[in-house]
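Two complexes follow with chain A in common, the first pairing it with chain B and the second with chain C.
Take a look at the complex of A and B:
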């Protein structure tokens, strides 16, 4: 050694050697393997903490979605609607709707009130509206329809008129609609008489102007949702087995935007925006933002979200519970959070169930961007004059569209009328939870494939410093058996769905619900007929493989759904995230039975405790094709039952 | 998956196979095909059922279907569907189901030839892996002609494995007319397979020479191939009454004239491309497909069937107008190589990737084209995920095919790729 050192080495060779060693060390592969093993070891050891952190961050993120720090102010993203806006912002507000038109609307209202007081049938009402359209020189017609759902029939007659565009050939159209029933109480029977009069008066008024580049279609739909659904289905030629509707005698071009007017009270103080469509689809946000600006600057009417008054501007209202000390309740930040949380919660309630918050939601199915303009009933100060001007101006803005709104936001959460969250600020919350579940699933999967060899299993008692590495042996995972069990639970879910959509269930719901609950709770235990695992060294337990696949699939479902319907994904993340992760087959048999009962309650509790919602969801599926009910039965229930089975199946010995 | 070996008693093939085919036929007779046939993911511009119908209609009415620019099927389809095969109604359902049944039967025979036995317990599983694979089932329900390509591919491999050289060459030349890239990629390993045999030698690799290849057969086979190809070309020219079909069918996979979205990687790339770069990148993409042939054939010279299998995977991932059935064929073929299951690199990750991709693709397609809230980038992103999952499957199989030769891992040792 020393002799070798003694020999002089030229400096260039020394540098070259160093470089060579840095680039390609002698035992590079070994280093790499060791590094990789160390990294995997570190990751495996820290995995529970990592998962906990992911869960915490995900859930906390969900809680802070309404926080004022997370959102930002709305802005117009796409130039398509700008010209109308530009005129507005420069103060060139020039609307022509006048007090004369208000008088016309009042006269229509008086006639409609007569119809109401004489208990006119839907057909008579539709005939009246059609005649009025004809009197204005607008081609109009009526359409009768009948829905025959399992829960009963609904019939009615729609009236509609089409004002042909004086400037183009009528290949494009926009719709102004009002339903006979207002959305108050989700269609509880309040009449929308002023909404209908507004549409009628607007028809006469709009006809006097030649600036329309699109046909304007006026629709007075019967009922709440049903009438418009029948009209839209007929307009777009889509057929539905339980709907008998007349063909439309008149038609126009492609509908790009629509505006649904809901004005149930005598006067109004604010205009509320309702925008959630069927199956969680949202309209283009530019439309809402434009309307919000027009309403504020042209009409001078403040805009709110839904019918929630902002407590900061209306001191009488407070969304905070009364038991909070005044020092907290008085803080502006807290008030803002409470107000925005209320909006977000309302949004979640609609979107997660795929429900539409108004008649506008039916349009979304046909790619038409719409929202409902809800005149919040109050003693004043606004009436027909304000709403007419705002609708006129909004129509002139949408009239500017040269192509379908496409580039800007379709994914957002509105936290206030002028604040919103972009997709990037809310989506990660659900994704993080789903990633945590995926890590959990992969961990269980790996564990199911390995077994500590007996003999080297336990270090000697007392010798805590024993560092001899455990000997692991590979074993098979019973994947095929587990896939069969999973398929079985999903088939059970499909069975459940087909049972609750029968008329038998709807008629005898009080009796049938507990029966179905018992059936669904007992049937999965058929999975126990598989003979218990003979040799734990040759193959892993079904329980752990089931847990692994269950977690992986639940995680996949959550992350996929989050793009389609974030509220539903968030709901799933809350319902499935932790419960599925803590399922285990450990403990004595009665504890495991109890756990199973808990999972059954989580999965099927709605059969017992949410009967009305279940009915509603089934009606929504049968008439409006809202897929929430089948999704809950065929995906959600089986996933929870699988977690229950994880507890029930024989554990890893 | 690493442990799909079942404990359940083997199902009799004579019973299971007809049952599977009958189930498929029932599915094909429902209203599903009407709902699926316009789906972008299930048929590409080259394999679309509605294009085929249009071409046949034009052909029957005396109009040259190749003058319009939308019909890109081979004249051989025209000849078959206007004479012996029905193209609509129950007849079509039977034709497409039978086509898949023949494919499954060919796959089972490849498996038997590889094992050198006349029947095994695994036969039913192999048939089910082909007939019930959703990637193959759905395009077949959508009446995509890619079902015929898959069947021909499997038939040529089957005949090659059974030593029936001429039949194999005939099938591959037929495939050349339906879809040239498949034939080009598979031809070399197919020849290797014909002059050797299909038994598994993955665990004991050795040079090709030691397999006693019958080299004398090579030149007659090539001549035969040229002869068949010329005959088919002549037939095509006679049928279509001109040579316009050459650019419309063969040219399409190279010049990419139709950019209708599909599950592949080409369409979006070339939608975004400036015109003056187009020829260069078309060349790059095409050559990229071809460069895999030699390395894979050299590395897996001891097992040409495995090389062919890997090239089918390359094709399913990178070809110009793919449908789901192209990667589907690759995934189904995994069923005939059970020896490599314990050596997969990351099977669960690949499976989950495929699960994500197969859910994301229809979803983003829906968001873009039906719901209108997404755009083309969404669907393209999901096809990228799909490409990743196919790539992961390919990497898994290549790794397993090489790794199996080293055998079980010993305590304290690790295997690395240098």
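Take a look at the complex of A and C:
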């Protein structure tokens, strides 16, 4: 003992002792509780700042999604794909598609142009395609269909052929398809003649090889989306009340991958990838990456996203607004950002509305990975020769698959043809906003349940903080009233949805839209019939409870949607995040009325200003089961109306 | 004893005579049939028949005692040993790749054309070993002999469908009735490792005779190919082993879409250079086209009823039979119209991983009504909802078209379902049968390594028969028809990220356990804390 005292204590031991004392003081429990209280107190006091920070980080994150620093280069995860591998092994580009096949495609094109010029009916076109398949020795058939949507009927005839692969059981299949209408202008009537002739020429060409391990199904679908939708529904035996389609005479196995060819122009300079499917579903990214590599290295055709030319490779082309000073416009970083932002914005536009960017989008619901290969119309230099080789090589790649594409490559944002964002690099942005909203909601919820007592009144029994200067008393929250109000707004939303899906609305849209807008704007004020809150100490105001629940529900909705359809979640975070958080019942009545009008406009403005989009969304719901329209009416509109009601309801006195 | 003496005598006799030429007691015949099909393809069917004269299958009653010794000259010993070890009366093993297209190619000459591996055997019942034990031994022995995964034709795939698989030969009357065992494996890939043991069973291997045309490089490039081993007993004749190989080649593909001409060189890349010395007969039979103008070379030995026959023994070697057309080939407009009396389409619809619908469409192309025995041997992965079975005749509901239904439900992890019924298809009409099915949820250890591929379901088998004839299914019209196999997607975990899943689950379990443990062991006390100055709330 003495020897130890005599010895000088080394400095490290002293520090250790101090740390030990700090960590394990005598009254450890009390310190811990004190520390916890201090922490909670700190958090509660700084909550507005925390929320602000979360909002800022979330929104800034969304803005920097297109930044070149955030993404990474694409790579191929599935080893079985081996894109262009056999070309690499041979040391040269080894595809068999030749100029003879290009000539065949040209001949088909000439015949199709005759059909176009003679205004051939759907049925005549389908019969022609079927006969051509038969001439090649491929089993083929046609399928007639008719959609009867509220907005009118659509009918047509698809033609398809099935090339049974040799020596296989025919349980797996891949599809090459071309729709009669090109995706140019979302099916505005541009014909996809060269796409159709490519498919026909490929059918004859591919039949000459015995290496196919999967059946190849060639589909020439009528119309733009409708034909393929009818064909896929019949193939998978899914029924739809407004669709009458023939049963398919021929069948093949389970379809794993598909390629949709869209070649509207005379020649093309780039191949564009369109990949967004219905309801925000995306194909496995391996497929896009393989195609991108094959096109670049085997076909020698540059790949772009959508029809966006890269300004860095095409100097005459710029995405930046002209008012920016040339010193900024000239910078490569800025150009990259602008280009990638354009791509991401296009992606958001398709995905958020649940809309498909082409015919390929219909396949995703059946677990088929597909994209549209869009030949960007230009004066050159590529034509049938390049597209044939690329499709041949891509088919050989997908032919290599031993299993479905399944590696976790279904969540991504493509910022460029060879750059993408992983789920971890974009998902937190929407989640942070939703967390900020949840915090706000919880805060309002707590405030609605407690009231600071004025000094003269006695504190409530059981309160342990009776010596603090501020006295809090618990009060009732009018949850039931508020739930009734919320249910009422959601029922209103459902009513709105059922009204706008009627044929009456579609026929009289210009007249009905303002009417509906007025109706929906006025009806929620029925909520004001509840007698105003008599005693603010006995119960909290409906307005604040409504705000609390509204924020919590909106936050939950955003979090859930973010894994289903990130773009929609981001859109909701932008539309709901700040507006729902700043709703309050404070201020004179006319200001509150103005606020309510603002919320109504935010929630229902689309009735007045986006009539065409509304029609499109309703058609998408009725024919293609895209849930964007019902979601907007039954979830989004009520949430915004609730925020409006928060302003309108009598405030906390 | 008597049989043993007989065999020894035969052996001695054959040993004496084998030097002189073809042995007595064993007879080997080989034949190649070639036929040009309507869609330009060529069907070739090799048939090698070995007859063990006067022999009979082993009686399972004698399984406990020593067997007679086996001495064969031509008869394949490796196969003979298996047959006697397990006392198999009749056995059929087929290993096929591809879908036989009945509509285009008509009925095959060998009826067993189901995709993948199929094995069925008739066995007498015996006192010592049960039929199922011997069945297990048989499939394992054959798996070893033919390098095929027949070992996986286990209880989960074995059924006993008597009506669709009548014996081709005769069954000896040993007292207890014979039993059948049948199993098929659609996912078996047939390739050259199965052909090599097949060739080893032939007396001349692939060195001479017709068997020398069996060139794996060309056979496995065909559009369809299948090999079969058939063992049967014919009363009064003996035990017959027929080794058969069928293939559908596409000369139009080889000639880049121009001509359908073929000869041995284009089809097999070989010619017959020598005859097989032990073959009793060795013939190449070519079915001559009826419509088009053609040249055949060399001059056939005989030409009758549209069949040109070439005797390999007498013709000049090397023999290269070929058929040449005067004009280029074009697909006739009716190349896809059915040649068979019945077209079948069987699909599994629905994209959900829990439910689906089995759909069968039968089209009768004859002008008399057709009765068909419909057999489904479904692994337990897919379970039938029989109450949802609906039958439509030409689009209108008619459940009376089905009769004689037998159903043995599946037992999960143990036994497949056997569903058998007779369907009547009106003349020129179509029958549409639908039935809802449930897809099983598997244990995670039951998934195969390529879990995301799905599971192959065996083909259904349809046997048309004439109900007016007393012998019913014994007299099938055209034989068994195999539908294409199906692929079913079951709910599959994402095996590509097992570590993520393990980490997440373990964290969750640790978190829950920790919290609960903490609450259980914690001592709750009341602590009085003096409020501090900076505290506001």
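The working rule: the second predicted complex is superposed on the first by the 599 of 653 C-alpha atoms of A that agree within 3 Å, B and C clash if a C-alpha of one lies under 4 Å from a C-alpha of the other, contacts with A are read in each partner's own complex, and residues count from 1 in each chain.
Following the convention adopted for this analysis, contacts are C-beta pairs under 8 Å (C-beta built on N, C-alpha and C of every residue); 3 or more make two chains touch, one makes a residue touch a chain.
Note that the coordinates shown come from a computational prediction; the quantities given were computed from them, not determined experimentally.
Trainee: Tell me which partner A:389 touches in the superposition: chain B (first), chain C (second), both or neither.
Mentor: Neither partner.
Trainee: Of chain B and chain C, which one contacts the greater number of residues in chain A?
Mentor: C
Trainee: May I ask you to decide whether A:442 touches chain B, chain C, both, or neither, giving the answer as first, second, both or neither?
Mentor: Only chain B; A:442 stays clear of chain C.
Trainee: Which holds for A:137: it touches chain B only (first), chain C only (second), both, or neither?
Mentor: So A:137 only meets chain C here.
Trainee: Mind working out whether A:404 is in touch with chain B, chain C, both or neither, as first, second, both or neither?
Mentor: After superposing on A, A:404 lies in contact with both chain B and chain C.
Trainee: So, A:560: does it touch chain B (first), chain C (second), both, or neither?
Mentor: first
Trainee: Of the two partner chains, chain B (first) and chain C (second), which one does A:29 touch, if any: first, second, both, or neither?
Mentor: After superposition on chain A, A:29 lies in contact with both partners, chain B and chain C.
Trainee: Is A:170 touching anything from chain B or chain C once the two structures are fitted on A? First, second, both or neither.
Mentor: In the superposed model, A:170 contacts chain C only, not chain B.
Trainee: Examine A:281 and indicate which partner it touches, taking first as chain B and second as chain C; both and neither are also allowed.
Mentor: first
Trainee: Of the partners chain B and chain C, which touch A:270 in the superposed model: first, second, both, neither?
Mentor: In the superposed model, A:270 contacts neither chain B nor chain C.
Trainee: If you lay the two complexes on top of each other, which residues of chain A touch chain B in one and chain C in the other?
Mentor: Residues common to the chain A contacts of chain C and of chain B are 29, 33, 37, 367, 404, 406, listed in rising order.
Trainee: Which residues of chain A touch chain C in the complex?
Mentor: Contacts found on chain A: 29-30, 33-34, 37-38, 41, 44-45, 134-137, 139-140, 164, 166-172, 204, 207-210, 236-238, 249-251, 253-254, 365-367, 402-404, 406-408, 465, 467-468, 470, 472.
Trainee: With touch defined as at the start, can you tell me which chain B residues reach chain A in the complex?
Mentor: 1-8, 348, 352, 355-356, 359-360, 363-364, 367, 370-375, 411, 414, 416, 418
Trainee: If you look only at chain A, which of its residues touch chain B in the complex?
Mentor: For chain A paired with chain B, touching residues are 29, 32-33, 37, 281-282, 364, 367, 404, 406, 410-411, 438, 442, 445, 449, 471, 476-481, 539, 552-553, 556, 559-560, 563-564.
Trainee: Considering the complex alone, what residue numbers of chain C touch chain A?
Mentor: These residues of chain C touch chain A: 39-40, 97-99, 101, 115-116, 186-187, 220-225, 250, 252-253, 256-257, 330-331, 333, 335-336, 345, 347, 349-351, 357, 359, 450-454, 456, 484-487, 489, 494, 496-497, 525, 527, 529, 531-532, 535-537.
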